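Two complexes are shown next, each including chain A; its partner changes from chain B in the first to chain C in the second.
What follows is the complex of A and B.
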């Protein structure tokens, strides 16, 4: 396995780590993930990131305990160590496959957003190709560079989101948040647990463990990123409800972009053209990180040393797979929903399994 | 390699995307015809399913140094399936590509707004990609094409500027409602309130239509003379379940503003109120809502009751009965009581009208009522729209007189005439 090289020996610090994780997962609120939440939960959708955030503490904490127990071993080595050759390969392969599906589905959806919202006449293959080209280039540069890019752009992305939220709050109405429990308190908890997979990506973050400077940084960074994501998601969902009310928002495919088309600030009536470049850069960093982590997992799984050379191939493969779908706004969204339902219990169970096996083998006593 | 380089490189690559605009989506400002308003009407003698679209196209070159003598606008009307399809057909006459980027409102004829099918065309706006959701809905008494052709402002000839100013001023004085498209969707979808659109016309009513109270008018009833534009923007068009059912006068629109926490507070409502000291005169007052209205709801009962407290701050601007309020506490109290009673009466009349004639309210009270419920199924079962006409609503005005104009004291008329 080729180790990433660079000034810091291929490792990233806490700042870069947090920026990567927040951009990877936090950008979900700007795509169609929101529709998964609004449909069943109506105006209580904003509670999902909070409730799930609390629920997800259990698997994340357990996995944290297991994985940080071994210095310099990433999730892959740990699972080989715990489960043995065959079971570990099977579990990791499934994990990789789900991750790969996520990338295909999400890139197709982002291409659709760019195509339907901003570039109406540009063929999707050009948008898709360019998106994956930039991501492949970024991923090839290695984690260290991805980290520094993520940290460089993160403040701007957060600021642009913050401005959008602030304007949306001021133009919306808090009355829309009531009745507080949407479809009913029990329903909220039940539906939330079905969609806990919105935090699924944190599993993949553990693959980065050996590449973060210190164990302490990794622990702290994961929790900080986790909190930032939950807060950002909850606030954004609240802002969409406050602007549109639950009937309208449940019908929209991409509420973030609809919100940008609705709000205006003083003399600036077409705000979307100001925010779009920021969002675009955020999406690039997101998929660059996704692609990198996914291929890192794949390379380890099939024991490929020079995994850099895989990147262009996979990027091309993703473009063609993503383009297969007719009408991505519908088909890809349904696929995403299915994946979300399947992976939710898995996300919850897998870390617990890790912990039980480790405990049973008496690993923590060593 | 240096780390610094990469962000720059990535930023450069991201710029590729911005450069993409130059490929397929390339548009030159000069080659675009900017539609400021779309008119929608039901054409006569044409087969079902067609609408008459009218474009009001602004000419940005008007008034400029080069090409300044071009007319400020262009108007074209034709029958077509919908306003998305209309873009291409318009090019049989208009040389430039039709752009909706600067579109600010949709004008609908009153006749079409009252049609059951009207809502189907309104939802086209959610499909078209460059439609913004903060467009305004304007209902004209005549057909939109007549409206646009008759509308000839003598100053501020450029249409986008003119309409912006009209709406801005209307919002400040409370004579017209905001009428935004996204609230049209929201209200129609939640099916609990009525939506208020802007009402306008270019056709002045015949003499005598004007009523005694100068505020109880809708567009077309304002009797003006002189050398000016004939277009009038006044009052609101009431939409229930996506269909126009009635109109509200200027006064009723303003009262709706005062009764609602959802609408932005108008800054200066100037209106006349009866003078308690002399029946012949009216006091001009400047009314503002002093913060949010306070609502107390009891929805559990067989007959739900709502107690509304409206905080009003008021400024008395004229004083034709020449009373010296500054020296006499009793007079001030009498004035306050009288104004409070008048306002309460007006509010009650409007509420009664909404209960009996519309069967739903435009004030957005259902949103406040949502706080009384824990879950949406409970709220939906209550069915606000159905229950509203039977509710008992008590209005209480909490009035505070803020000022008596710039100079409080007036000379004693008897002494002057002595």
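What follows is the complex of A and C.
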């Protein structure tokens, strides 16, 4: 695999790692993922990241145990080691394919957000093209640089989200949060488990394991990132409910951007254009990381050494696949929901499977 | 005159068919003759004597020893007074028949050599050479005296508080200015010839027990791989050794302040000096070294950081104001409060151009004033200011070519650009500003952010002599964390880790 030049031969530190993971997964709160939660759970939707977070500890911890057991082996090598050539290839191929679908769906949705919220008259292909161009450029620079960029911009992104949340809280009503359990405590737990796939992306993070400086950093970093994501998501969901109430928020595709349009601060009546740049940077970095990890997986699967040259091809492919949907806000959202229902049990089961096989083969005793 | 000298030398060499080619130091096979007249004749041919005006050959009879001798030097670059008093006079007045030549002449540095090529090098560097009959060795007497100006105040990197000496065009003086600040035997000044025909020498300065050997080796090998006839000064040398020749971001720092160069030396960097350059090169340079000035550390902590904040602000204002104006007016009108929006709209009402064109027009006008102001002969300098301010500002607004707010926006950006002191970074920022304006005109905020993201990706991927451009911020290294803000001097304990210094701790 290519090794970008630098201090550690392409490895990243804990700060960069956490920044990548948080930006990759945390930005979900600003797209239509929220709609998946609000529909069944009404005003208790904000509990999903917390409940799911607790549930997801099990698969993540098990996978962590298996994966960090082998130094210098990433998820791919580990699966080959545990499952053998054919089953591992099949599992990883499915994983890659799901990841690829996620990228197509998500980039299409983000393009739709930019198009419908800010650039009504610009053709989608132009917006989409620029988005993927930036991501392809970033992905070509390699993991070390993606990490550096993520870490450079992360504090500002977090600050911008924090400011938005603060203003939203101050302009919302706490009464909307009650009754606390919305449709009922049992219902909340049941429905939460169906949407555990919001943390699915953590699986892909394990591919980065050999590229993080130290095993300790990887373990610590994953948990820190995990906690940060859960807190950010829960807070953001609370703020949406407080601002819009559950009824109207469930009807919105992109509540984050609606919230930005609704809030105002001092003499600035429209804040969205001030926060928009930060959100955009976050989106660019997010898809750069996604694209890189997905291609890393693909390259390993089909044994391509220099996958750098694949990046422009894939980026173009994603643009054309993403443009197929006429109305991404509806169709892509439907697709996303379907994938979420399929992947949720998979996300839960796969790490457990890894662990059981490893245990059965007596790997931990070695 | 010098040109003539070199040209003459070249022709004669060709005529002689001798092996004395461009790089003379490589060919040491030809030796001087023990017969004085023969030797003198060889050098007369080499130096085109007597066509060459300032080449002097003085025949003397050494009393006491009763031998003939000849003194060869170039009078314009040699201290003739020293030669008169300490060489010719003792030789003529000598009565002792047993004494050696070494003991007779009283110049501080004397050496012997036999090779013609070496002698030429020394003479070209301002030394005088003494040939003595029946001796196969020539005496090289160091009495060089190149003309240069005295030490003056820095012109470009001015400070209010702090030392006010600047480098001058004489490398030996510059080294002395550095040695004055680092009184330590570990300060090493190596030389390396960087050009073949003009024999320009670069001085590689570093602290032996601090600077990482790898970096010194890298610098040396870059200098070594240069294959050029002449490199006049450091500004040209910089372009030969820099990382990427087309990148808009500089990777080698140019400073005219000895105190600044020394602070880099103490952190384990390598400094390059050359004759004819009133500055020094610091390699490798990170983004932060262009952003900092020496005064940041001379001022007390709060004041120093206040200027840092101002500079950061200025940097962003320079980069983004014009672009933001274009983006807002073209795409994001909802961003501005309605009252201001109406004010802008009313001033733009009569302007026939789109905002992008309007801003570009003013930006280019501003750059023109700047460039013209720089090149204009000083007696007519004030005229430029009047023409610029009056015609381009006032009249353009009255003629409805640009709106007054654009004048404010461009002037603000232009003014802020002066806060970035380093000329290379200044250019980088100004050029980026144009790209941002165009991106804003095409895609609004989306284009600006896309360009910004591309820029950050590019910045973090730059490596200069193996050092990441944004280090130590990212990737993280152990250091004193002197990036956007500086720390208390007491807390600046470490040398920058990305330089891999041999001694990490400063305190």
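Note that the second predicted complex is superposed on the first by the 365 of 366 C-alpha atoms of A that agree within 3 Å, B and C clash if a C-alpha of one lies under 4 Å from a C-alpha of the other, contacts with A are read in each partner's own complex, and residues count from 1 in each chain.
Heads up, the rule we're going with is that a contact is a pair of C-beta atoms (placed from the backbone, for glycine too) under 8 Å apart; a residue touches a chain by one contact, two chains touch by 3 or more.
Remember, predicted model here, so these are calculated numbers, not experimental data.
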Should A:123 be classified as contacting the first partner (chain B), the second (chain C), both, or neither?
first
Name the contact category of A:170: first (chain B only), second (chain C only), both, or neither.
neither
Mind working out whether A:313 is in touch with chain B, chain C, both or neither, as first, second, both or neither?
neither
If you tally the residues of chain A touched by each partner, is the higher count for chain B or for chain C?
B
Return first, second, both or neither, reflecting whether A:15 touches chain B, chain C, both chains, or no partner chain.
second
Now for A:153: first (chain B), second (chain C), both, or neither, which partner does it touch?
both
So, A:268: does it touch chain B (first), chain C (second), both, or neither?
second
Please indicate which partner A:338 is in contact with in the superposed arrangement: first for chain B, second for chain C, both, or neither.
neither
The intersection of the chain A residues contacting chain B with those contacting chain C is 6-7, 114, 119, 122, 127, 130, 133-134, 137-138, 141, 144-145, 148-149, 152-153, 269-270, 277, 280-281, 284-285
What residues on chain C touch chain A, complex-wise?
328, 331-332, 334-335, 337-338, 443-450, 452-454, 456-457, 460-461, 463, 466, 468, 470, 473-477, 498
In the complex, chain A touches chain C at residues 4-8, 12-13, 15-16, 114, 118-119, 122, 127, 130-131, 133-134, 137-138, 141-142, 144-149, 151-153, 267-270, 272-274, 276-277, 280-281, 284-285, 288
Residue set of chain B touching chain A in the complex reads 3, 6-7, 9-11, 13-14, 16-18, 20-21, 23-25, 101, 129-134, 182, 185-186, 189-190, 261-262, 364, 367-368, 370-371, 373-379
Applying the document's contact rule, which stretches of chain A touch chain B when the two form their complex?
6-7, 42-43, 114, 116-117, 119-123, 126-127, 130, 133-134, 137-138, 141, 144-145, 148-149, 152-153, 173, 175-176, 178-185, 187, 243-248, 251, 258, 261-264, 269-270, 277, 280-281, 284-285
